[in-house]
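Residue numbering begins at 1 within each chain, and the chains themselves are lettered A, B, C, D and E in the order written.
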Amino acid sequence: MSEKNRKGITRRDFIVQGTVATAGLAAASILVPAPFAIGAQAKVKVGILLPYTGTYAKLGTNIRDAMLMRFAEAGNKLGGRPIEFVDIDSEAKPAKAQQLTEKLIKRENVDFLVGPVHSVVGMAMVKMARVSGPITVIPNAGADQLTGALCAPNVFRTSFSSYQMGYPGGPAMIEDGHKRVVLMYWNYGFGKQVAAAFKKSFVPAGGTIIKEIPTPFPKVDFQAYLTELAALKPDAVYTFYAGGGAVKFVKDFAAAGLKKSIKLYGAGFLTEGLGAAQGDAAEGVRTILHYADSLENPVNQRFRAAFKAATGSNADVYAVQGYDAGELILRGMNAVKGDTGARAEMIRAMETAEIDSPRGKLRFSASHNPIHDVYLREVVKGENRVVRVAAKAQDDPATGCSM
Amino acid sequence: MELSFYLVQLLNAVQYGFLLFLVASGLTLRFGIMGIINLAHGSFYMVGAYLAYWLTDLTGSFWLAILLGLPIALGVGYLVERFAISFLYQRDHLYQVLLTFALILVFNELQQILWGTDVHGVVIPEILAGSIPLTDNQSYPVYRLFISAACIAIACGMYWVIQKTRLGMMIRAGASNREMVQALGIDVNRLFAFVFSLGVALAAFAGMLAAPVDSVYPGMGENVLIISFVVVVIGGTGSIKGTFVGAMLIGLVSTFGKVLLPEMASIMVYALMAIILLWRPHGLFGRAV
Amino acid sequence: MIDSVLRTVRLNKSFGGLIATNNVTLEFERGQVHAIIGPNGAGKTTLINLLSGDLLPDDGEILFNGRNITNLPPNKISQLGIGRSYQKTNIFAEFSCYENCWVAAQSRLNTSMRFFRSAHQLKAVVERTERALELCGLSSRRDSKASAMSYGEQRQLEIGMMLATEPELLLLDEPLAGMGSEESLQVIELLRRLAADHTLILIEHDMDAVFSIAQRLTVMVNGRILETGSIERIRSSQAVQEAYLGVGEDAV
Amino acid sequence: MANQTQDLIIDAQGLQTYYGDSHILHGISFSIARGETLSLMGRNGMGKTTLLRSLLGLTPPREGTVKIYGRDMTGAPTHKIVRQGIAFVPEDRGIFPNLTVKENLVMTSRPGPDGRKDWDLKRVLDTFPRLAQRMNHMGNHLSGGEQQMLTVGRALMTNPELLILDEATEGLAPLIRKEIWSVVREIKASGIAAVIVDKDLKALLELADRNIIISKGQIVYEGSSADLAANPEIHTRHLGV
Amino acid sequence: MSALIRSMPLLAALLALVLFPQFGSEYYVGLVSRILIVALFALSLDLLIGYTGLVSFGHAAFYGIGGYALAIAFQDASVIPLWQALPLSLAAAAFAALVIGWISIRTSGVYFIMLTLAMAQMFFYFFFESPRYGGDDGIFLFLKPVLMVGSEDILKLDQENNFYYFALSCLVASYLLLLMILRAPFGKVIKAIKANEHRVRALGYSTSGYKLVSFVIAGTLAGLAGFLEGVHSGYINPSYMSWHESGICIAIVVLGGMGTLYGPIVGAFIIILLQNFLPELTEHWQLLFGGIIIAVVLFLPRGATSLYPHLRELIRRPQRGEREPQEAADD
């Protein structure tokens, strides 16, 4: 499948059979947008807005591939209707988010909207989609507002909120015996929310935050901060970094010899999917996440094997989130037997869904944010191994949501 | 904070300055000598890092990767000069800005086609993998010292080539009077193509050296692009000495800025640049053109 | 005592180690044509650039009508009534002949920061422009694009632009350079006409032209003033003959 | 003037050269043989420098051909033309201000096209002892005379067959001029051909085998020194002396 | 009469734009609205690049500031009166342009390019890292500005078509304003500055004053574009002032044809439509996009609109018969 991705077909038909019969209709529906095409023959349009270029490109492709895999497992039918995908590269550019969302909603008249990765893109997207737009499933973006102030009946999230990335970290570190802690994070919306959530649990539990060191996003020269960190001599440090920044941070941290005296913790992205790039430097780093590659449940094992077979690359948390997004849409469409007009019923089916996700049990809160177990993991031999469950059924406070 | 803290920070600042110099030196070469603004400079840095990753993976040796990567980078530079840049020498800066801006897009996409979107790491070669204790809980990686040493070597090498060799004399002469150099029997077009390729190779070399400490990821070039421009402009275009001073200044300001005025850290280098240009409109060591 | 319009006092300017003007003290008399001659590299153009404000002197003073203008920028100097033309043709190539003069004429408006009135309608400017075109003999070429005109015409336009600013003192840097003889004659005729009611400071290599229109001559060599005086005096000066005219030198 | 064609270093026919839209050279034909010394005269702005630039490919002619040693090199890049053994000393001297005297000299030193190495740093410094004292000065920190010596010295360092001097003595003090002229004589004696643009008629008449006067982009006179010396009215008409 | 004929294509284009919402679907009306905004942004940059000769690489700063002024002032407001919001945005952009311009025009060439870039980056990071103004999350606006006449909002900008006409009016008004300015004495002077600043100074103009005024006008119009974008999308974040936006804006101006006023508008249509439709061809559309820009720089440096006279020439030539011989430039 990764081969296929490289070819870069944007409007992708995953339908194996019956394509010919519906293709003409689908083509027509682009030109003459019908508000709701009901009936078993009309295709369900799923709009995908994910980054396929730039720093977040890998996340985007994994999410998409896993979701498409879930649909393929279900015979490429949603409630009995074939699917048509409209796939757009978000480039992770907030400035374009609105425009691209508009394209999916107004021009393509999609029934479902899946995306994005980037929180800021997510906010712009959700702002347009909420209430009257298509059913929207967010497979990654973690900004609290998406299921907080911006929450809406038609907006779901299968990933996490930043709160869920920070809050479980506090008790976990206390339990590990670290009370004097430095907080380091990329100084942007998401990083700040993670840090704030961490403080919310850590300080009341008896921990002390010696210093907060917000570092400029998305810059990766950490040397000066690490020197400062060394001078502060904390027990441990809780961090939020992702992607290239995470690789660099973990490596610099190890190279500065800090691993011996300061324990490194972080939101899961610190080590997620970066094993090859981080190498030995990541050994022993503990992170908080709602997933681990090595989770020993049958769903996960089956999922990982299938994903590897389909795409040639290893599944990660993003793939899981994409897979669950596919599952959630399936649940909704199956509940209404493909009748996208039965919106309220579909939403009810989706919000009450209980999913056996590769990550474990997955439910949804009243604000449509996932409720799931959050694990404390440690990198052992390049693999994120589960140490213990850090928080059972971690919820999100959904601050500001009125729905 | 105690004195040792500031000493370590000073070390960080100098080391960062060295790396900046390495990246910016290729830029200043072209800037000053050929009058070309090359926004794609960061892309060449990225190409270098990816070459280091790819060739290390292929050959199993970081050193071999550098050895093989440099000629590739030179070749890339030569092609870019021949097929794009060489048309722009007599044109307005505007077109250079635009063309090299487009080159960024092209290189980003080529990188993605060739190497995909994963974040990669390059393992530090065995002999440089150790570290030297600095304070009771902090040590300094040998590899970083190696980078500094390599930068000093490059700086000295560039100084030597530019100041002491006939090639360097021709390059400097070409900067001041292109036509006269031609009239003395030197093929200026080839000279310029070479200088451009050399600049590309320098940027790529910086990317290769940085690959083991930095990670290798899409769009990594743009992080160094603007800052190396700031370095070059502060120093005064075309002055190797200026670039060195500029790199050190930025290293110091950005490192100590992070420690002392963290909220302003990102803005500070730009403010520094604005102040320096207000004071000296052609940079610290620049000539009025 | 002469009525001097412009005076320089010990002007010095050097570039690196090269001394371009060396202690130049000169007086230019009102209403006269004063030519500065000398070999290439003698510092003539540097001197003109200092007078017009294009260069700042290292030290020394420039007084225009008694006022110290030493460190004024070129635009202020122009506004005071000193116009200049350039050795290398320095016009707006994409503008028409008329527009070139027009921009020049317009500089004498109280303010050109006018946004809401078409420039065509400003009567005073139009008159000035027409006058300048008339004077420099380009009325018939008014709508030609400057870059499409012949070299000689461009040189005329160069002078026309200066005239459109209606200066009191004209600095002319080799107005005849590169011209054919008929063109030269035209420009010499123009200069003669201008000399009637302007003060001219002129750099020129064409000795015939210089001798035919200048009243006073200054000879510069190596940044210094070798000799200043009437034409007769210069002609008879042995030093000048040796340094510039290349006659009488023993070539061994 | 008994030149065999194969002995011509430069043989240019019917050059028409423009600067942008201005037509400077109106069909000039020009040649110089091995070992010949040629003077090129005319008032300023008459096209002397443009002729030299056309020959060297710096301002390629729009029409006409330039042959170097019988090979057509019209429109060839300048560096290829001068590599045939031509050295150019331009009017503005073209000293590299950011290079030292020594660097200016050694930068393009090379044996001649036939492998001759008559001129090396030592001989140039012996010829211009003043330069030896200024070896580490920057090019822009020299007096006009020193610059002129440097630019001639630099030209000789390429061991040329033909030296082109454009106003080499202009603006120089008499003593320095003498020095330059004596070097030119030495060059002539060593068998190097020379094209000399100058205003010093007397010096030229003494040195040149042949004289050319240009006016308005055309050759208006060509003849031996003896002939030119015998016709003073030509000087006054075309040279204003 | 001939002026009328010459402006025929422009009038036809304007007519097409005026009629467009009657035929286009809501999505396309929205898309063209965006193009109109970007066109205005590019138009303002053309004043600098195409007419004054100032290559500003930080023009997006003013675009962003125009939007931020609106968003910051009215993020918690219950109503946004247009007559307050619009002048505020324009004033903020003008002030920023005054400051940045005052600093930048002291330098020239490469230094000017880099200094404007640096100043824009300062603004970018200021908003990016400022918690008070939303950081990189930006600021949402849930209301559109209103222009109340009595108790009736006569604009109703929440209707896509109404916004479209509002944006179109702003563009046309700005176009006419610039046209007027360029015909006025001021315009003559800045064009002359572009051609030969040194000479303009020698003619007695204080060129830095003209450059600064030009910079401020351009910045203010960019602020207007930013204001419109803020209103249209209801969302403003730092990426609006990133150096990429400045780069794209330069690309639009050059691609369309700088120094023509209509060029940047054409350029905006080309670039935005390319950005919109190229991704549907291939995942690696940026390769094509970059390639197109490179091709324009190399082969069509005067922009797409420079093709128009050629086209007209091609069409006309057969009817016109023989062309007049080119007049010799010299004797």
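Please note the rule applied: a contact is a pair of C-beta atoms (placed from the backbone, for glycine too) under 8 Å apart; a residue touches a chain by one contact, two chains touch by 3 or more.
Nothing here was measured: the structure is a model prediction, and the numbers come from that model.
Greatest Cα centroid separation from chain C: this falls to A.
Chain centre most remote from that of chain D: A (centre = mean of CA atoms). Centre-to-centre spacing of chain B and chain E amounts to 33 Å, using the average Cα coordinate of each chain.
Chain centres here are Cα averages; for chain A and chain D they lie 76 Å apart. Taking each chain's centre as the average of its CA atoms, chain B and chain D sit 43 Å apart.
One finds 54 Å separating the Cα centroids of chain D and chain E.
Shown for chain B are the residues in touch with two or more other chains, namely 108-109, 112-113, 266.
Within chain E, residues 125, 128-129, 284, 286, 329-331 each touch two or more of the remaining chains.
Residues of chain C in contact with at least two other chains: 148, 150-151, 180. Touching chain A in their complex are the following residues of chain B: 1-2, 5, 8-9, 12-13, 15-16, 108-109, 112-113, 116-121, 123, 131, 133, 135, 137-141, 143-144, 213-220, 223, 254-256, 258-259, 262, 265-266. Listed in rising order, the residues of chain D touching chain B in the complex are 56, 58, 77-80, 82-83, 87-88, 90, 94, 96-99, 103, 106-108, 110, 154, 158. On the chain E side of its complex with chain B, the touching residues are 49, 55, 57, 103, 106-111, 113-115, 117-119, 121-122, 125-126, 128-129, 243, 247, 250-251, 254, 284, 286-287, 289-291, 293-294, 297-298, 301. Of all the residues in chain D, the ones that touch chain C in their complex are 19-22, 43-45, 91, 97, 137-138, 140-144, 167, 170-174, 177-178, 181, 199-203, 206, 216, 240-241. By the touch rule above, chain E contacts chain C in their complex via residues 180-181, 183-189, 191-192, 195-196, 198-207, 209-210, 213, 327, 329-331.
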